[in-house]
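Sharing a structure here in structure tokens format.
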Amino acid sequence: MTTLVDAPVTPAADDASARRRWAGPIGLGLIGLVSFIFFGIGSGGGNETTFSVARQSDFFTIPTLTVPSQLTATALSVIALALAGLAVWATLQRRTLGWWLPVVFTIAVMGSLLTWAGAGREGTNVQITGLLTSAIVLSIPLVFGALSGTLCERSGVINIAIEGQLLFGAFLAALVASATGNAYAGLVAAPLAGALVGALLAIFAVKYWVDQIVVGVVLNVLVIGLTSFLFGSLMRDNPNLNQSMSLGRLPVPVLSEIPIIGPVLFNHNALVYIMYVTVIVLHIMLFKSRWGLRVRAVGEHPKAADTVGIKVNRTRVRNVILGGAIAGLGGAFFTVAAGLAFGKEMTAGKGFIALAAMILGRWSPKGALLAALLFGFADALRLQLGIMGSPIPSQFLGMLPYLATIFAVAGLVGFAKPPAAEGKPYKK
Amino acid sequence: MSESTATTDRSSADGPESEGSPEEAGRDFGRLMREITQSDLLVVVFAIFAAMLLGGLLVVLADKDVLATTGYFFSRPGDFFAAVGGTLSSVFTTMFQGAIYNTNASDVAVGIRPFTQTLTVATPLILAGLGLGLGFRAGLFNIGAQGQIIIGATVGAYVGFAWDLPVVLHLIVAVVGCVLGGAIWGFIPGFLKARTGAHEVITTIMLNYIALNLVSFALSKTAFQRPGSTNPQSPLIAETAEYPLILGSAYNLHLGFLLALAAAGGVWWLLERSTWGFQFRAVGANPHAARTAGMSVSKVYILVMVTAGALAGLAGSAQILGTEHSLTAGVAASFGFDAITVALLGRSRPLGIVFAALLFGALRAAGPALQVQAGVPVDIVLVIQSLIVLFIAAPPLVRTMFRLPAPAHVKEVAA
Amino acid sequence: SAAPEATPAPTDDTATPVETVDYKPCIVSDAGGFDDRSFNQAGYEGLQEVVAAYGMDTAQAESADDTEYEPNISALVAADCDMIITVGFLLGDATANAAAANPDVDFAIIDFAYNEPIDNVKPLLFNTDEAAFLAGYAAAATTQTGTVATFGGIPIPPVTIFMDGFLSGVNYHNETQGTTVQVLGWDGTDGSFTGNFDDQTAGQNLTTGFIDQGADIILPVAGPVGLGAAAAAREAGNVWIIGVDQDWVVTAPEYADIIFTSIMKNMGPAVYDVVETTAVGAGFSNAPYFGTLENEGVGIADFRDAPVSDELLAALEEIRAGIIDGSITP
Amino acid sequence: MKLELRGITKKFGDFTANNKIDLLVEEGKIHALLGENGAGKSTLMNVLFGFYDADEGTILLDDEEVVFAGPGDAMAAGIGMVHQHFMLVPPFTVAENVMLGHEAVTGFAKILDLDAARATVRELSERFGFHLDPDAKVEDLAVGAQQRVEIIKALSRQAKVLILDEPTAVLTPQETDELLEIVKQLRDSGTSVVLITHKLREVQAVADTITVIRLGKVVGTAKPTASREELASMMVGRDVSMTVDKGTAKPGDVVLAVKNLSAKDESGHEQLRRVSFDVRAGEILAVAGVQGNGQTELMEALLGVIPTTGGKATVDGEVITGKSIGDVLMSGVGFVPEDRTEDGLVATFTIANNLILDLYGIEPYSKGLALQPAAITEHAERSVEQFDIRTTSIRATAGSLSGGNQQKVVLARELSRPLKVLMASQPTRGLDVGSIEFVHKRIIQERDAGTAVLIVSSELDEVTALADRIAVMYQGQIVDIVPADTDRETLGLMMAGAHGEDAA
């Protein structure tokens, strides 16, 4: 996260850099204030909020925690404001505070928001564990998608086709799983589907110099068309080719029994654990290995890479296919991992959010994970508030994840420099 | 004359000779001949042909009549090929009849209706495409046209149904409303980029979703609903706010189309002949040099995004004041996204964008006929459309496929 | 033409038609498409049945987005359709215009009524809330946890009418039986929505959230997204799902064992009747058709595995009667 | 290893950059390749290095014909190259750039062994007296430092044939001498070297044989003993005077006044500490100093590219610090940036457009919002002809020009309007003798026209040739301002931090 605050490099940012330092602190301040006025004061005296951290499925059952709404929300808001003040001070001192500040700040504000939302509701209480778990779950396709984008763009190829790769992955996973009667077979098939789309992208973008974004967009439409057609014909005629198959949970022994953390992190299906591993491995490989160095060289300055004997286009083709495979794997989330049958356009635009997450994460696997989690959390929060019933109109709740993302990129991340050769076919 | 080369420019970095100029008329003629033999026009023709073949085959596979024949293929292969041929030709003719000229129409007036439909559908694509192209030239990858269209249309719609103003004035005010709406929605990412460096791809994607939620919210309020109905659908806009139909009520073609052509001219002038455009292109090509030459990169970003938003807003007006006449959450259809492809296909040059938009318009216009007459499932229609676009975007591929001569300047690289 | 087979009907294999009627009914979907597991699909299947039964010619156009309604209708007019069925309020204007332009073509529109009737347009309307009311009452009577829940795709009347009926059904039970069953996800004006009809995983997580809050009977009014809800319910166990539009025991057999009941909106039969009467019966009338409990245009499916007492069934019968004679308003 | 090129022809579109070129490099010899800007030297070398494929001709190594699919093959065959336009990956560190392509790795995951790379860098920069931090990001380095990286990168590969394309263009005299020593050592240990440079002194110092090419053709060979004048005229095809004849300056009143100017660079390090000096109308103040001692920041701070943290600068009494770049330029300042490809030109723009890159807003090039094509063309044609820019058309892209001609475009633009102050960084970097002569003439013309001229140059010859007064910079401060006739040694010492008087 620290990388997210280092100094900007290009003119765009230079112009901004002088002011940009302020965007963060001011943003924090405003949010802190909003939190104080709306959630703190707004919680209304006398109300109580009940937090529950345990789910009936849990091993330990922890009693629910009931707090006076107004007091708690106000206290948390004050903490947030204090942090904002700290940020202002740091800016004045031209110091950079670590990643902890935004994190703690977010927790404080979220806490006060939830306290307010749960204020005076007998029927419902704030489900911390449930909230965090669905945050993880909802971010899975975004993580895989963003990783795919990162792999491709680091080698200089823009991958707008993530959406299509997710969707085709979801489709083939369902098809194969249903046909073989084995969800894991579907899990294996998904990356193949994604890789296929990736290969098409590579052929057209790298070999035939077609505008990468055009290919990407077209591939998305292509996949939507094909899957929808097969869904309406093949799968409709033989329902046994599109059943809901589920990978099922694989609770990690011991770990999964830790309160909160256990259910949130260690009680998922195989895909989630694969996700953890993929992020770590890719992050190391991309920034510490020879492969990574060469890939990044190709994406930054293909000519330079060429002059030291690196095969630019071969590298790109491989990365794009690999990226496609990863996105395809993420597609498995929608069907076999979620235990659902395939449905028309069921990826519902997640591929584009993933694209944003990739940039928000500054083209790094770690960043992609954090960005995706941020979005997943905002999305889960929106659902949670809807469930508990809140005075906010549902359409505005619907905006929450998107607003949160905009704030994150404008306030915290600021300028991010894409790989220099991104989008440009390498012709010699 | 940037125009003349526009559609054939492979990128603004192609060969040392990137521009023709009056005083080189002789060489220009030589180049003209070269461009005709190697032009993208020829490529386009072949591209459509190739895509049709592939798409046609898909239709064949999707078509049970044909599949049936495969059963007794070996006994009576004739049937199979007859069926295939039948499907293919029906697809070809239907597309032509659906998009250009309806040959089995009683008279010309009816016959040309498909073509006017193509132009009508192309209108919002031209406008939004121009906006996006403008951004691309300035190095901004704005994918926010969708949201900008929605907001523009929302404002315009409100002016259209809620206010009543004298004839001409009402239309003008409504159009201005659309433009303002779009411009504001374009300003936000421009401003954020300039001030905080926030990447426009993120902000515009998010703003698309936010716009959608906003319009849904508006439509859930009685102020935007029809009297006595709670459907999320606005009242019809007043006729005084509608774009006049330029070919009479028999056709949908409306004034917005002429507006779009005018806008294309304007954008060309802005880009190629105005000091603003000069800055836009400089910033797009090399922000460092632009800055050292005294241009304000942030100002350019904001300016470009506002202009792009305004154009997308105009596209919104084509929807709400031109064809739909009533605001729904789906008022922007998928035009905002198609416009990205349109702009890139047109290589961000105004003339190119107009052509690309017409192509898309034709493809969309042919859709219903394909479904109803040729019985092609809507999803396969999508596939055919995207294949055509893909091939048209891949001249080198089409050239290799059909052994066309490669244009000289493709080989060159500005080192 | 290959049209009918292109998106094959479930009734492809029906026996050769009894007679062959020279009448061409056609259908236009809204942006949901004919496999939306909701009114487009129901209407489409109804049409396919009647077409197969009377050996009629037919054609259909699926709309990819809101701008295609008018072109699609005109394409069908151009294809010499005698009747065009349009699905959903979004096609209201396009249908009205087309009807005015083609007085000799009959139209029928599902889920939409005009303020002043049009001679050649027959609205097909459904008092879905009547059926939802029964489902709500039954749910309130059956819940173990005292909490039931509902959510929608997007807040539009065809969706919220289910939620309204369900809510008032529960409240009626609370009033009459003195229970305090609470409904999550809809308070009569606003509530929980996934934001679209595609994102099944959103429905899944939403449902899990409801279950965390103790809900044990859930009504998802979001087309395919409902399947996400069903999956979540299956995973959690001891949770019932209420199907919508069609009997989910039939349309989603894999979840049959957790289907409490289904709030059926019999659009298929309605379409069948309209076409039949117009083509071979009394002929076309533009009088609106209202699907009600009374004419079984709406209703609830049998409780198969659901633990419902005979008292409850009896009570439901009374309420049904009450609704029909107007003594109870949903 | 013996290297031979036979009948190499390379065309770009209908333009022939190399025309049937023959070249023979004996084993263990240093072969100098001379030619004016745009003669085709780099192109030829890029062909040899397998980066371009020749339209005609063959390459022989030790009399074996070889065909290179790409630079990879060339390197495998033992050819190494220092590129004129550096082939470095900006966001990578020095170590990463040096190791790229032949990385030392550990484990089956092939994790990079960065320490090994760091060691190599340290060891080499020790040997050549380069001062390089292996962990510095290349994009943060001054051009001079980048040049050193490019050299180390090539040398670390132990090539048998080493191509040096203008390796000394941005090195300090000391560094240059070090490098030439290395090159000699390499030659003695059997390496064949092709050296491209515009600095005839270096040629005379190390070359064994000399080939001169002009307009893509070989025009002849020469002995190292040949005089600089002879070589020069061979290259340019006319007589060139090696020494600038400039009359004594007639300084007017102070135009550019700098008071206690301080500035930080992008990474926040203070690069400029309370710098003060004046430049009068009609005089040239040259700033001498080893690259990276704040000269770059001085120029950027004056123009407003980087914010100043203290002090001020005035032009004719008007404060320019804190103004927008545009305003500074319009207040009569001409600016020639150090890095022309990055900051001076838009490579994909036509020459015509580059010639109005900072003039587009003023008459006659635009009226109101409207550009004036006629005026733009007219201006372009005038400049091309005046500054003898070698191009096929004013509509050609600036990117297709050779280095020297690109520099001419920048100068032509900046000198094409009335100036009060001309600020030029490394004005003749990479230019051939002919162009240097020309550029120097133009700068002195500008001075004599009463413009205050501020030059930054790491080229002592240039400094002494142009300056009326010399300011020596060291570690962000002005050590001293001395008269133009100060001898090289003194200057050298001052550049190392010693003050004028103790130095003398």
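Labels A, B, C and D are assigned to the chains in the order they are written; within every chain, residues are numbered from 1.
Criterion: a contact is a pair of C-beta atoms (placed from the backbone, for glycine too) under 8 Å apart; a residue touches a chain by one contact, two chains touch by 3 or more.
Here the structure is a predicted model, which means the values were calculated and not measured.
Steps from chain B to chain D, taking the shortest chain of touch contacts, total 1. With centres defined as mean CA coordinates, chain C is found 36 Å away from chain B. Centre-to-centre, using mean CA coordinates, chain C is 75 Å away from chain D. Chain geometry summary: the mean Cα position of chain A and that of chain D are 46 Å apart. Contact of a single residue of chain D with at least two other chains is seen at positions 305.
Contacts with at least two other chains are made by residues 62, 213, 216, 220, 288, 290-291, 296, 377, 382 of chain B. Multi-chain contact residues of chain C, defined as those touching 2 or more other chains: 6-8, 33, 155, 195. Contact between chains, as defined at the top, is found for A-B, A-C, A-D, B-C, B-D. In the complex of the two chains, the chain A residues touching chain D come out as 7, 9, 14, 18, 94, 284-285, 288-291, 293-294, 296-297, 300-301, 303-311, 417, 420, 428. Against chain D, the residues of chain B that register as touching in their complex are 11-13, 15-21, 23-24, 273-276, 278-279, 281-282, 285-286, 288-296, 408-409, 411-412, 414-415. By the touch criterion stated above, chain A contacts chain C in their complex at residues 55, 57, 123-125, 127, 129-130, 133-134, 137-138, 228, 231-233, 236-237, 243-244, 246, 333-334, 338-341, 343-348, 379-380, 383-384, 386-389, 393-395, 398.
Partner chain C is touched in their complex by these residues of chain B: 62-65, 87, 117, 121, 213, 216, 220, 228, 230-233, 236, 319, 323-326, 328-331, 333-334, 365, 367-369, 371-378, 382.
Put simply, chain D touches chain A in their complex at residues 49, 51-52, 70-73, 75-76, 81, 83, 87-92, 96, 99-103, 105, 109-112, 139, 266-268, 305, 307.
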